[in-house]
């Protein structure tokens, strides 16, 4: 494992229900095109408000994945 | 939409149940006196502990709203 | 209350289910050996991904507790 | 001048033409309701893009003004 | 206490004598119009110099207060 | 709009004339290969100096764009 | 002196009188159980307000001490 | 070029017209006494407001220059 | 050179021997697929420990490269 | 006043008695060789501990002064 | 592995020879009393200078280790 | 030692071989004109890449030295 090189991407996922769900959606969408995602970390949590209610939660994450040899 | 000026406020909401609920409470309370809240972003997540259990979750957010013409 | 000195510790809790649960686990584990934990604040939220799914949520917190006289 | 207390507000101005113009608009709008604005500092510069062109520049500033005795 | 929502304000107090005095002045002035200030935290310490001596100490703080039900 | 996932890229644009022009150039160049850029935010403003004059302005931005379904 | 390893602890001291006194109290309390404290640095200055007056100053510091051979 | 040592200075330029002009003025003034300025980066953008208008733009920059052998 | 647009990528290299070697490995691996890398800057230095020894050094860097016309 | 260019210096003052005194000493020493110091801001507060007591307070400040025409 | 709680400590190692060696020394010393150190990350690199030469390199790291059940 | 005032300078050293060597070169060059350098701390590590290889390591440091009485 030691000699891998990892690449990072920054993504924003959104959800109508929760912060954790917004993270899950970003990772699931990214996994459609990137194999080998190993970790994520949260950069920013925000959201849109409409009529005094949270309409969408938006969470920006970094994901790291191995570059295949 | 382009020529609006937005004002920001910083608030802390608290909840006995979760971080997301603390955010919701802050926004609902602010919406009683401020119309046109458009977004929030999370600044800080913390809480009080009593007898080894989380008693209250406290989340500090910024909210942005349009200044009406 | 005014003359207390507080000590801080940094911990990472992990959970298979959610960010809030990872925080709860860190505090409950710390409370086995530290009495008088008063507060926590979140430093970092991250996690491990396996096969395009979040395998573990990991949340780093600081906890503060009173030094007993 | 020495004994004044200043209050700060955070605002976002927007403009179709430039960053400096977005700052000017935020200050002019704020001056309609706040007397005695003394300074501003820039917190964040961003914007919206439509069809590969910058549609609006958005600049978030803090302004400071004296509380009158 | 658990279900309160807190609002934050940023202020700069100034004093001819010390940093602590500048903080005290900002809080006393704010308390003339805001009831229920609960805490402050220091954001920035600076000052003006005239003829090689400190003429005014200026301390910027955030204060938090409960929004009354 | 709510269920989109956004991807971010970091770019540096340069210009002989101004900071705003450096931002415009970065966005126009990125738009040649990326559809659906929605926003940018400024990360860093710097430049090269030759013979006591600013030779190039260099502005680093993040851009966000929607991942198409 | 060159080959020492230092350990750091984070503490919050509180005082009814001043920021400097809150620092002194944290160091004196820590010195009851830790020998060889060599330095401190201030992380955060805050306080509690009651009836428009500062009730307690609270200063968070890091202290560094040598691990004895 | 590889073995040079660079020294940095921090300066604030001011202008009645724009942020970019404030940067230019700082660099031109510094070039009167420092040869070999190679780059600048922006640290802070602020300004003074008088009667609801921006009176001066103030931009703080770092400049880097080679120490001559 | 002045009119180039640069793109940035974030990478983590790892090495059994040193921090500098971890940086070199990340750059050499990235150069297999990206031409025209011009610079790097270090974001984060960390590593894994096994049996009280450093097993791998891990260094996260940003690299910048020119987008070809 | 508007067209001045300011230069900044970073200094650390030390004192056996207090943080404010350490700042005063740094400014008075700097004023022996620099005319026209206009402001300072605090960057860092730390100190040395001997035998469980604060031996010296050390405060790092930036000072700004006008470059004379 | 998923349900572990990790504790973090902050340490400064020093060395007469290099930054990497200062990190190694901090980890080896900490491993004398802490089992199960899993990772480190670098917080700060500094050093002492004597007669124009680096006398000691000092590197501050955080280490993370598992709390045993 | 207690009553000294220290001045700080920011420098960038470069080297073809390593980060540590870039630091050493900056300190040795600075010591040609500044007596009494006491410490350094690292601000930034970066470098230039040519043909997929690191051509120069560049490390920015702050140095502190005593102002002589």
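When the chains are written out, they are named A, B, C, D, E, F, G, H, I, J, K and L in that same order, and each has its own residue count from 1.
The definition used in the following text is that a contact is a pair of C-beta atoms (placed from the backbone, for glycine too) under 8 Å apart; a residue touches a chain by one contact, two chains touch by 3 or more.
Here is each chain with its UniProt name: A, B, C, D, E, F, G, H, I, J, K, L = Dodecin family protein.
Just so we're clear, the structure is a prediction, and the values are computed from it rather than from any experiment.
Shared contact partners of chain H (Dodecin family protein) and chain I (Dodecin family protein) are F, L.
The interface at B-D recurs elsewhere; of A-F, G-J or E-J, the pair that shares more than half of its residue-numbered contact pairs is A-F.
Chain G (Dodecin family protein) maps onto chain J (Dodecin family protein) through a rotation of 120 degrees [Cα fit, steps of 5, range 0 to 180].
Spacing of chain F (Dodecin family protein) relative to chain H (Dodecin family protein), judged by their CA centroids, is 22 angstrom.
Measuring from the averaged C-alpha position of chain E (Dodecin family protein) to that of chain K (Dodecin family protein) gives a distance of 38 Å.
Our note on geometry: chain D (Dodecin family protein) versus chain K (Dodecin family protein), Cα centroid distance of 44 Å, whole angstroms.
Averaging Cα coordinates per chain places chain D (Dodecin family protein) and chain J (Dodecin family protein) 31 Å apart. Looking at chain A (Dodecin family protein), residues 19 sit in touch with two or more other chains. In summary, the structure contains touching chain pairs A-B, A-C, A-F, A-I, B-C, B-D, B-E, C-G, C-K, D-E, D-F, D-H, E-G, E-J, F-H, F-I, G-J, G-K, H-J, H-L, I-K, I-L, J-L, K-L. The part of chain G (Dodecin family protein) that touches chain J (Dodecin family protein) in the complex is made up of residues 19-20, 23-24, 27-28, 31, 37-42, 63. Partner chain A (Dodecin family protein) is touched in their complex by these residues of chain I (Dodecin family protein): 9-16, 25-26, 29-30, 55-56, 60. On the side of chain B (Dodecin family protein), the complex with chain D (Dodecin family protein) involves touching residues 1-8, 62, 64, 67. Partner chain J (Dodecin family protein) is touched in their complex by these residues of chain E (Dodecin family protein): 18-19, 44-49, 52-54, 57.
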